[in-house]
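Below, chain A partners chain B and then partners chain C, in two separate complexes.
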Partner chain A sequence: MNILSSVPSEYLGLSSALAVLVLLTEFAMLRVQFSRSQVKLYAIQSAIVTVLAVFIAVERDIPGLFIVAIISLILKVIAIPKIVMRLLDQTKVELVSSHRISVPSMILLALLLGAVGMFVIDRLPFHSHSLPTSGLSVSMAVILVSFLLVIFRSDVVSQAVGFFSLENGVSMASLVVAAGLPLVVETAFFFDLLVAVVVFGVLMRVHHQRTSTLSTEGLNRLRG
Partner chain B sequence: MKIDVSVIQLLQVATVLCLSPLVSGIVTKIESRLQGRTGSRILQPYYDLYKLFKKETLVTQDSGIVFYLGPFVAFTCYLIVPMLIPVLTNFPLPLGYTGDILGGGFILALAGFAVALAAIDSKGPFAQLGSSRAMTFGALIEPAILFVTFTVALITSTDLPYAEAATIRSSFTQVIRPSHLLAMSAFFLVVLNDTGRIPVETHASTIEFGMIDEARTIEFSGPIFAIAKWGSFMKQMILYVILMNVFTVPWGLAGTKTVVSVLEAIAVLMLKAIAIGFLFALIDNSFSKLRLFKVTELTATAFLISVLAVLALFVGGG
Partner chain C sequence: MSLILTSMCILPLLASVLILILPPVIGKSLSLISSAITLILTVTLVSHGGVVESLYGWLRVDSLSLVFILTVSLLYFLTVLFSIGYVRESRNRWTNTKYAKIFFSGINFFCWAMLMAPSVSSLALVWVAIEITTVISALLVALDDTDGASEAAWKYVLIASMGLGIALFATILLYYAGASVLGNTYDLYFPQLLTVAHKLSPVIVRLAFVLAVVGFGTKVGFVPVHTWLPDAHSEAPTPVSTLLSGALLAVSFYAIMRYFQVAIVATGPAFPRNVLLAFGLASLALAALYLASQRDLKRLLAYSSIEHMGILAIGMSFSAPIAVIGVLLHVLAHALAKGSAFFGAGTLVKKFGTKNINRIRAGVSRLPVSGPLFVLSILALSAFPPFGIFRSEFLIVLGGFKSNASFVTIVLVLLITVAFLGFSRHGNQVMFSPPLEGGDVTKGEVSYWMTTAMVLALLGLVVLGIHPPQQVSTLLTAAARELSVKR
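Right after this comes the complex of A and B.
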C-alpha cells in the first residue's frame, strides 16, 4: 500500500478528520472524571456527527440527510444532554472516581481494541459513494470504545452516555454504508434512542432511590 | 542584496541564541498579566543572565568535574539543533540534512542527560529528585514522540524536518488530512510537557513539591547557572520553532536569500513564538494543577493521539 500516492482529497480529508474527531471525543468520555463532563462531551460528539451529516448532504447532494441532521441536532445535541443534566441536578453526585482500572491502562486498552476494530473493518471489500470506507472503520472503533466505557466505568451515567454514544457510532456508520437510507428507517433509529433515554432515565432514578448513589459497585452484592 | 547560505546558517543559531531570553520574558509577562499581576520587564531574562555572569560560582565540596561540564554540554547541544531545523528559511541549508528529526531528538536528549548528570553530581537532594523525575517523565513521553516521527516518515517517506514542512506547505489537502492534524496535536502535547507546562509543575516556581525541570538547576550559581538558564530558554525556543515551523504553521519563512526576506522571517518567527507562548500560558493558567502521578494521563493522551495518527494513515482515511 503506497501511502504517498494516496493523499486524500479535500472532501475525504475533512470528512475523515471529522470522523476521527468523533473517535477522540469517545476516548475523552472514557477518560474524564465527572459525569457532567461526560454529558457535555456527548453533546459535542453529537454535534460533530450532525456537522458530518450536513457536510455529506451538501457535498454529495443528499437532501434527506438535512432532515436527519435537524432531528439529530434537536434530539442528540440539545434534548438528551439537557434531560440527563436535569436528572443529575436531582441527584446528589458524589465526587468518587468510577474508573475500575487506571486511566492510562484504560486508554491503552481502548486504543488496542479500537485498532483491532479498524483493521478488521478495513479488510471488508466494501465501497461507498458518500464517505471513504475508513469512516466505517472509525465508527467501528467508536462502537468498541463505547462498549469499554460501559464496562469499565461503574456508574449509571457512564453506562447511559456509553449507550448513547454507541448510537452515535452506529449513525456515523449508517452515513457511510447508506447515506441515502430511507427517512423512515432513520426516524425509527431516533425513536429507539428516545426509548433508551426514557429507560435510562427510569433506571437512574430507581437506582438512585434504592441505593442513594449512582455507582453500580453495590450491585455486585446481588450475585447469588 | 543576497546573503551567503553559510551566513544564514549561522544566523539561525544566532536568532535562537539571542532572542530566546526575549521570548521567555514576553511569555512570562503574558502569564503575569493573565494572573492579574504587572509582572517583570520583558527584558528581565537578559538582566538576570548579565547579573549571573558577574557573580561567583559556588560549588559544594562533593561535586566533581561533571557538575561543571553538564551545563556547557547542554548549551552546545542547544546550539547544534537550530542548524538542523527550519528556523528562518524554507529551503534547506547546507547542514540542514545532516540530521533528521530523530537526530535532533537525540541531541536534545543528550542535553537533558547532561543537565541531569550535573544535577546528580551537585549532590543536592532536590536536584537529584528533579533529575530523577525529569528522566522518568521524559521516558514516558518518548513513545508519543516516536509515533509522531513515524507519521512524518510515512507521510514524507523521509524524516527530515524540512521535508515535513514542505509537504504541509504544498497543498491544503495536506493540512486537513487527519493524520497530520493528529500528529500536530500530539506534538503540541509533547511540547506542553517538555517546556515545563505539564499539569503538575508550576512554571518557574520555587515550590519543591511540584518541581521537575527547575529542580535540576537548584544547586547551580553564578556563570554556570547563567549557562544552564540560557540553555533552558533556548530549549523552549527550539521546541516552539519545531512545533511552528515543522508541524503547525510552516509559513512566513524566507524563500530567498535576500536580507529583507531573512529579516522578515525573523520578525514573523518572533510573532509566531509569542502567539504560541500566549496559547501555552493560557492553557497553563486555565487548568488547575494535578497530583504528580496524573502526569501519566497527559502522556497517555499524547501517546493515544500519536498512535491514532499512524492508524489514520493506514485505515482512517489518510
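Right after this comes the complex of A and C.
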C-alpha cells in the first residue's frame, strides 16, 4: 500500500488502464478472423506497451526506458507488422477461419486462464517501484492467453503473432518488476526478437511454398 | 588465457561469415580449420583450469561452463569431419555447391551460438544465445526442403520459442529477485548473483526456477514439453541432428544448471532437486516406452536423447557429489556416443535411401566398417563397458544409493533397462537380420570421412570409459563442486 501513498493516483489509474488494454488486445487477437486484423492488433498492442514504457520513463525518471521505447516502437510497432504484412501480401491467402474451437468457448477458456494467472501472481510477494504490481498479474494473463492463441488457432500467422504477443506480455512484466534492466540486456533481447522474426518469416514462406496455404491443419505427418 | 577465450568466441562466427562471402570451395576446409582450432583452444582452457574472464567480464568461463564448451567443441569438430563426407553425397534440389555453402555457414554459426551460451557471464545473455541457437537451427532443420522438414522446422521454432518465452519470464523474475538485493543496475552477472543467493526471496526464486526448467527444459527435451524434438531430429540433415542431440540439448541443460546453482542456495537444495526429479522421471519413463515402438531410425535416436536427458535430470536430483560428477561426465559421453550413433544412422540412411527401420536390413554386412561401429555406438549408448556412458551412469547410480534414494535409483536402473530392450531390438533388426527381397544394396562404405568421425567419437568414449585424462577428471570434480551448496 506504500505505492498508494507515494504515487499520484492518476499515474496509478492510467498505467493500470494501459496494462488492461494490452490484455484486451490479446483477447481481440483470439477472436478476429483475418490474419491482417491480427497483425494490426499486434501493432496496437506493441504501441500500448511502448506508451507504457514512455509513461514510466517520465514518471519514474528512468532515462534508459526512453531508448527501450524507441527501439520497441521501431521494431515491434513498425518493423514486425510490416514484415508479416508483406508476407501476407505475397501469399494472397485470406484465411476464413482457423479456430479449432468456437470463439465463445475460446474466450471463456481465456477468461479462466487469465484469472488463474492473476490470482497466482497476486499471492506472491512482489513489490514494484515503477508500476502497481497488478500490472504483473495482467502480464501473466497476457502470457497465458497467448498460449491459447498458439494452441487453438491453426494458421502460421496466428501462431507467430501468438509468440510475438507472448514477448509483449513478458516485456510488460519486465516494465513492472525490472524497469531498471540494463540497456545492454534490453538491446540484446530486441536484437534477438528481430532475428526470431526474420526466421519466422522465412519458415512461414517455406511453409506456404510447400503447402500453398497458411493453415497448419496439414502438419500431421510427424507423430509417435 | 582471456585472449584464447575471446578468439574461441569469435572464430566460428568469422568462419560462418567468410564461408558466406568467399567462393564455395572454401567451405569445407575453412570449417575444418575453424573447428580444429576451436577444439585446441578449448583444450588449452581446460588444461589451464580455473576462471577465465574477457571483454570486461562479459565473457566468463568456469569449470561448469568448460564442461559444456568442451562438449560443444568436440562435437563441432567431429560433425564437420562427418559433414565433409555427408555433403559430398547429398542429393538435393539445389546445386550441391549452394547447399554446401549455406550448410557449412549455418553449422559454424550454430556452433558459435552454442559456444557463446556457456561463455557469457550474464544470465540474460545466456537466454539470448540459446534463442539464437533455436532460430538458426530451425533454419538448418528446414534445409533439406522436404514436407517433413518444413513441418518439423515450424513445430520446432514455434514450440521452442514459446518455451524460451517462459524462460525469458524466468530471467526477468530472477533479475527482480536479484535487484531487490543488489540494486537496479546489475546485469544478471551470475557470480554476483551467487554471492547474494542466500539473501534472495525464496518464493520468487522458486517460481523463477520452475519457469526456467519448463522454459529451457523445452529445449532440453523434458517430457511433456519435448514434442518438437523427435520431429526435428528425424527431419534435419544428419549432421544437424547430431548437433541438436549431443550439443544443443546439453547447452540448454547448462542454462538450467545455472538456475539450479542459484536455487539450491536461495530455496534450499530439496526444492530444485525434486523439480528436476519429476521432469527426469517423466522423460526417462516416456522415452523408454516410446523407444520400443519406433519405425524411424533417426526418431529412435531422438527418443534415446530424451532418455539420456531424463537420466541427467534424475542424476542432478541426487545429493551425493559423485552423482553430479556422473551427470557432467554423462553430458560429455552422451555427446560422443550420440554423435557416433547419428553418424552411423546417417550413413545407413544414405546407404539404404530410407529412414524406415523395417526397410534397412543386414547393415553390418553391407557397411563393413561403419556397420560394426554403429553396433558399438548402440552398445555405448546403452551404457556397456568400456564406454564412457557406462562410467557416468555407474557414478549416477552409485550417487543415488549414497544419497539414500534407493527407490528412485532402482526405478532409474529399471527404466534404463527397458529403454535398452527397445533400443537393442531395433538395432539388432537393422544390423543383423537378412536382407529384404529387392531392398538389398551393394556392399561398401559411403564415405571414409564419415567413418573417421565415428571412429574418433568411439575412441573418445573408450578413453572416457577406461581412464579419463587427468585434466578432464579435475574439470568434472571442480564443476561438481560449483554445483554443490555453498553458503
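The rule is short, and it goes like this: the second predicted complex is superposed on the first by the 211 of 224 C-alpha atoms of A that agree within 3 Å, B and C clash if a C-alpha of one lies under 4 Å from a C-alpha of the other, contacts with A are read in each partner's own complex, and residues count from 1 in each chain.
Criterion: contacts are C-beta pairs under 8 Å (C-beta built on N, C-alpha and C of every residue); 3 or more make two chains touch, one makes a residue touch a chain.
As the structure is a prediction and not an experimental result, all values here were calculated from the model.
Touch criterion met: A:G135 reaches chain B, while chain C stays clear of it.
By the touch criterion defined above, A:M118 reaches chain B but does not reach chain C.
Judged by the touch definition given at the top, the superposed model places A:F163 against chain C, while chain B stays out of reach. When the two complexes are overlaid on their common chain A, residue A:I101 makes contact with neither chain B nor chain C.
Shared contact residues on chain A (touching chain B in one structure, chain C in the other): none found.
Those residues of chain A that touch chain B in the shared complex are 1, 3-4, 6-10, 12-17, 19-20, 23-24, 27, 31, 102-104, 107-108, 111, 114-115, 118-119, 121-122, 132, 134-135, 137-138. Only residues 124-127, 143, 146-147, 150, 156, 159-160, 162-163, 166-167, 170, 173-174, 177-182, 184-185, 188-189, 191-192, 195-196, 198-200, 202-204, 206-207, 210-211, 216, 219, 221-222, 224 of chain A touch chain C when the two sit together in their complex.
Considering their complex, residues 122, 124-125, 128, 131-132, 134-136, 138-139, 142, 145, 147-148, 150-155, 157-158, 161-162, 165-166, 168-169, 172-173, 175-176, 179-180, 184-188, 201, 203-204, 207, 230-231, 234-235, 290, 293-295, 299 of chain C touch chain A.
Residues 154-155, 157, 171-174, 176-178, 181-182, 296-297, 299-301, 303-305, 307-308, 311-318 of chain B are the ones touching chain A in the complex.
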